[in-house]
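Got a structure for you, questions after.
Every chain is named by a letter (A, B, C, D and E) in the order it is written, and numbering of its residues begins at 1.
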Amino acid sequence: MPAEMELDPDNVSAKSSPSARVVIPGDPVPEIPPSDVVILGPGLRREGPHAIVTRPGVLRHKPLPSSAEKLAPKAIYWVDTHAKRYVAARGEHVIGVILAKAGDTFRVDIGTSEPASLSFMAFEGATKKNRPNALPGDVVYAKLLVASRDMEPELVCVDAYGKKAGMGVLSGGGFVFTTPLHVIRKLLSPDCVLLKTLGDSIPFEIAVGMNGRIWVRCKSVKETISLANAISVAEYMNNDEIKAMSAKLVNALAGF
Amino acid sequence: MAGYELLSEQNLRLDGRKADELRRIQCKLGVFGQADGSAYLEQGNTKVLAAVYGPHEIYRHGAGGASRPTLTATSNEQAVINCQYSAAVFSSGERKRRPRGDRKSQEMSMHLRQTFQAAIKTELYPRSQIDIYVEILQADGGNYCACVNAATLALIDAGIPMKDYVCACTASLMNDRPVVDINNLESTTGGPELTVAVMAKSGEIVLLEMSQRFHVDHLEKVMDLAMEGCQNIYHILDKEVRAHVSKRGSLLGWEAT
Amino acid sequence: MRDVPLSNLERQFLLDALEESKRLDGRSTPQRRPLELHFGRVEGTALVSVGETQSDHASLVYAQASASIAEPAVSRPIEGMLNIFVTYCGSAAARFADAAGTAGGDEAVEVTRLLERCLKESRCLDLESLCIVAEEKVWQIRLDVNILSAAAGGVADAASVAALAALAHFKRPEIHPVSERDPVALAIHHYPVLSTFAFFNRQKSGSNAEKIVCVDPTWQEEQVMAGKIVFGVNPYREICTLHLAGQLLIDKSVVLRYAHVASQHAKSVVDLIKNQLHEDTQKRLAGQTEEIGFAFAFKQNSILQNVKPAEMVSTANLEHV
Amino acid sequence: MPVKDKALELRPLFAQLGLLGHTDGSVMFSLGQTAVICGVYGPAEVKPHKERLEGATVEISLRPPSGPTGLQEKAKEAVLKGLVESSILGSLHPRTSVFVSLQPLDMDGGELAAAVNATCLALMDCSISMRCLFASVEVTRTEDGIILLDPSQKQATKAVAKATFVFESVNQDVLASHLEGRWSEKAFQAGLQAALDGSKAIFQFYRETVKRKFSKELMMK
Amino acid sequence: MDAQSSVSEFKGIQPLEYFQQHIENGIRVDGRRSLHDFRPVTISQGTISSADGSAVIKQGNSVFVCGIKLELAPPNPNEQNKGFIVANVDLPPLCHSQFKPGPPSEQAQVASKFVKEVLENSGIVKLEDLNIKEGKLSWVVNVDIMCLNHDGNVLDCALKALLMAFTDLTLPEVTLQEDDEAVVETGGKIVVNNEKRSKLTLHSKPIACSMAIFDEKILVDPTEQEEALAESLVTVVLDANSGDLVHFYKPGGSSISRQKMQECTGLAKKQYKTIAKSIDQAGVVTKMDSKQSK
């Protein structure tokens, strides 16, 4: 590794202004300074002094915050990419399907290259005697406690306080479907109006897993199917289109 | 068709049977000591041995494997049925190159599995496996049917709970007249062949197969005759089972009622 | 590789929806999905897609017919041969992604046998016209059917269309010692087409209640169904194949009813094949070589498209909901 | 060396990404009238006996258009495997597999090149981390020494020698080469230069394809 | 003692570094003095008397046998005036622990394909020469190359073995009884005169030169260990008669620049003449022996 040069922070912010653009693997990103004052997110890596793109997508960055904010003193660069295959990341909420029981753990498919483990004790109020009531094929909403490229991912259904905090076995109907991962990021982004717009007219429950799986439940089968369709379709829509589509959907459901 | 007059003017077939007459069926339960259940069945010149092992724990490398992708819940809720169909190399006119593993044998194994998965009360044996092996010793048409009938007997001999007897029978169409239980000559020279496996008492169809072509309008009468054949086979099998059980029972010292 | 498992929630939801005669893709139970057919540059190749052609929820089947000279079977000295090979490619579904090439296992066997019954045993091809010298040389037609995507289910149905189309499109070389004559098309007596019907038991009422029947099931429906009937029927309403399997107990009248539905499907498929074939022949005659082949079909965007136009999806799906 | 300009042009390229629903990345690719379908899974489950602790296991399955898989396909698979292994960042995903499934549909010259390019596009659609991209071009030489870039089957009938080169995108270095027939040193260099120029157009095409895929995304924000 | 054991430990624990240090100093792990040196080659021809042509080649520790068997067959109806060459490279489990029993390994298939391509590209044997009577009878030349000990450079060795076996090959005289239509089918009217044998004309002399690229350096004739550690492998095949490039084989691996490519071909060009000469000499010596043994 060559020694990385220390760079003048002013220089950095001056360089990191260009707008988002589409990049492909192997592209150099000259505006990223050859120093450690930036954080390289997914889709970027350093080779010598240069930052190189590794995944195709839209290059984005969060500029260096003003010096008053001491908490995040680094600019962040990353590539927004489209993928279907999930790679586990620590702390993310996912929706998994139980494959089997193995000893005191469940083997759970979360779409990664190997199944995750979920201990019987990782449920709210679980004890040695009081085991969670779940069968193979059941769906769980859980959080990744361990996610590393060299280890089996591990899930928990409790938060740091031992409370379920919305996690656990998803029961009582509803439907699970799969979308590409960027649709999930879009749904959860603060700018996206989809869930809010739909929620204004159709009451529903939803659990969104970062692994591309979404669970929804409405009052009726018909509404659930429509909602699932609306979410899948919204992939290529902007907020105005989403609003128009929602209105149409609500009308159709009302029987017009 | 093809030079032969399959149905004579007196409505008799080449082997002297009437159109709705089955071939002679002879069967015997419990022919092997090694297997948990076994049976031997002759249907005309078609001769089959069937053996059943199980229920036992699941072996991962069964002959066959699940026909559909293994569903997450299945093996935990019900028994896995493993079937293997094999026809001895000397069973037919030309020597077969290999007894099993060719496409027709694989298909036959698959159909047998599907049939018995429906008939056996698989939910009673979760996480278990039941093996059904059938060996055709001599083939003269209606192989699938003979296998199903023999396997039903073997399963009964093994004491495995079933919803009903499964009986199978073939039927064909000659000069626009339906004929039942066709033999090898009739099936190779004649027209279509319809195979039906039914639950004997409820009359519901478990498997229906047809090859060669005929018009939809004829389907009903051919199917009717095949199902009637199944009923007749059922009576023959049932008689043999009752005789077998009472014989065994009397040996154990209880009186057959 | 493991497939994404179908969860109990999905199973239950699918059955609940069917109870109300609703399907997840917005179809009604007797409704088929649209089929698309394209011919390749090489004669005897066909690509069929079935499913929501506007998204990636589609199954894709490729079939190619080829011919070689072989010795006839002893039992049939004056007949050519037709051999069918079905392969599930790795891209069909994760469970087929295996370089060792199990080639689809039981599922491939099932589709192969269905096609063999449908095309071979029904004698839809005039095999006697493929004889060159009796007892010595005959044409051997090899039909490769490769399943490229099984993402929408309905593989057997699509495979039968692709296989039939490939045979109809194929031209074998004319053997003649003196001159090189034009290749000749195969003689096809009749066009049998497979159609699949999925059966589901009703949950609430007793077991004697009538079953729910879905035409042209999706892959999720195929996983949940209690059993299925596959018909191979030609447009003359002649049954060539009949296959009923699964844990299913069906009444006789049901079988008869769906035989008729299947023959209607066969008619529309045969019309499709004939139309496309006609168009292809016209283009070849006119020398528009740029406009034949799969590359051209890709560009037309008629084969699938991964952009879902908002208009289509939101309304189309609601019509039957 | 007499070289005609027209001879050094690529045939039209076309790609449609993400059409095979069950794969993680896929493409329908055409190069002139040569058409290929490619699907990729990864990083996905790996069989225990193929597991590698230091990186992803790459597997390629190339189906022939008809007939059983032969030596030709195996050799192409070996070439593709080498290419994928050297261009993806496999060390980011140890104990996983990257599976590439290819089906050529129409063959009209440049079959290997089309398979290579389709593989690269499918890997991009799958969004696997890559060190560089790769692109492949076929060149032929006629009896009188004319170099043809990316010829169709018909154009290649007069060719006495054929070569397929694969280049990577960062330094334009050669990743793989495959020769048929005899090449003199001089002709070989000329062919290599022509192929290199052709590969630039393919890399540009890759960029356009990805731009098209992300165009909506860019517009939204 | 001590120094020796520490060397072997170094080799065992950090093979890459051990290897790197050698290369940096311009020497090879197996004791070769230059990165561009070949291992010593010994060749014997006609060692297998049951074959119609054979050769054994030993290059360093790599040992290959090539046997050619002839068969008669009617020619392909489409190519009535041509014979057949069927070439196959076998890497059996006995030659290296990396090969397992069962169907041919990927490496063996790739090597077979390579040999086949070189045969086609170089046109060493004209298929027309293998025709005995047009449309009636042709030779089928079955070439089987087997590795007995695998220590790298499979392609070079296989090709050398092939070439030497071809120079050793003699075809018996075959006469075909005229004006009989069913000659070939009955097989009775073919007269094979094993006493009168003739050589096959070889139209080219393809010589392969494999190189491993490691840290921007080119190692000629790599051993098995060097191959495993190298970044990429290149095989250049040149025709020793005309100097034409017959094959430039690079199966993936990391990329090489065009300068490197040129460097590789340059090296191969430098080497192929010496190899060709050494092969010729080896051939002459052993040919006498083989004649005596026959």
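The criterion applied here is as follows: a contact is a pair of C-beta atoms (placed from the backbone, for glycine too) under 8 Å apart; a residue touches a chain by one contact, two chains touch by 3 or more.
In UniProt terms, the chains line up like this: A = Exosome complex component RRP40; B = Putative exosome complex component RRP41; C = Exosome complex component RRP45; D = Exoribonuclease phosphorolytic domain-containing protein; E = Ribosomal RNA-processing protein 43.
Every value quoted in this text rests on a predicted model; they were computed, and no experiment measured them.
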_Minimal step count in the chain contact network, chain C to chain E_ = 2
*asked:* With contacts counted as defined, which of the two, C-D or D-E, has more C-beta pairs across the interface?
replied: C-D
*What is the chain whose Cα centre is as far as it gets from that of chain B?*
E
*asked:* So the centre of each chain is just the mean of its C-alpha atoms; given that, what is the distance between chain B and chain C in Å?
replied: 29
_With centres defined as the mean C-alpha position, give me the chain B-chain D separation in Å._
53
*How many Å are there between the centre of chain A and the centre of chain D, using C-alpha atoms for each centre?*
32
_Chain centre separation (chain B, chain E; CA means) in Å_ = 58
*chain B residues counted as touching two or more neighbouring chains*: 71-73
_At least two partner chains per residue is the criterion; list those residues in chain E._
none
*Per-residue multi-chain contacts in chain A, two or more chains*: 97, 99, 135, 137, 236
_Partner chain C, residues of chain A touching it in the complex_ = 97, 99, 109, 111, 135, 137-139, 170, 173-178, 215, 221-222, 224-226, 228-230, 232-233, 235-237, 241, 245, 248-249, 252-253
*Considering the complex alone, what residue numbers of chain C touch chain A?*
2, 4-13, 16-17, 20, 22, 24, 26, 307-308, 310, 313-315, 317-318, 321
*asked:* Taking the touch rule as given, give the residues of chain D at its contact with chain C in the complex, in rising order.
replied: 14, 16-23, 26, 28, 30-35, 37-39, 41, 44-45, 59-61, 63, 65-69, 97, 99-101, 103, 105-108
*In their shared complex, at which residues does chain D touch chain A?*
23-25, 41-46, 53, 89, 92-97, 124-133, 168-170, 206-207, 210-211, 213-214, 216-221
*Which of the residues in chain E come into contact with chain D in the complex?*
106, 109-110, 112-114, 116-117, 120-123, 232, 239, 242-258, 260-262, 265
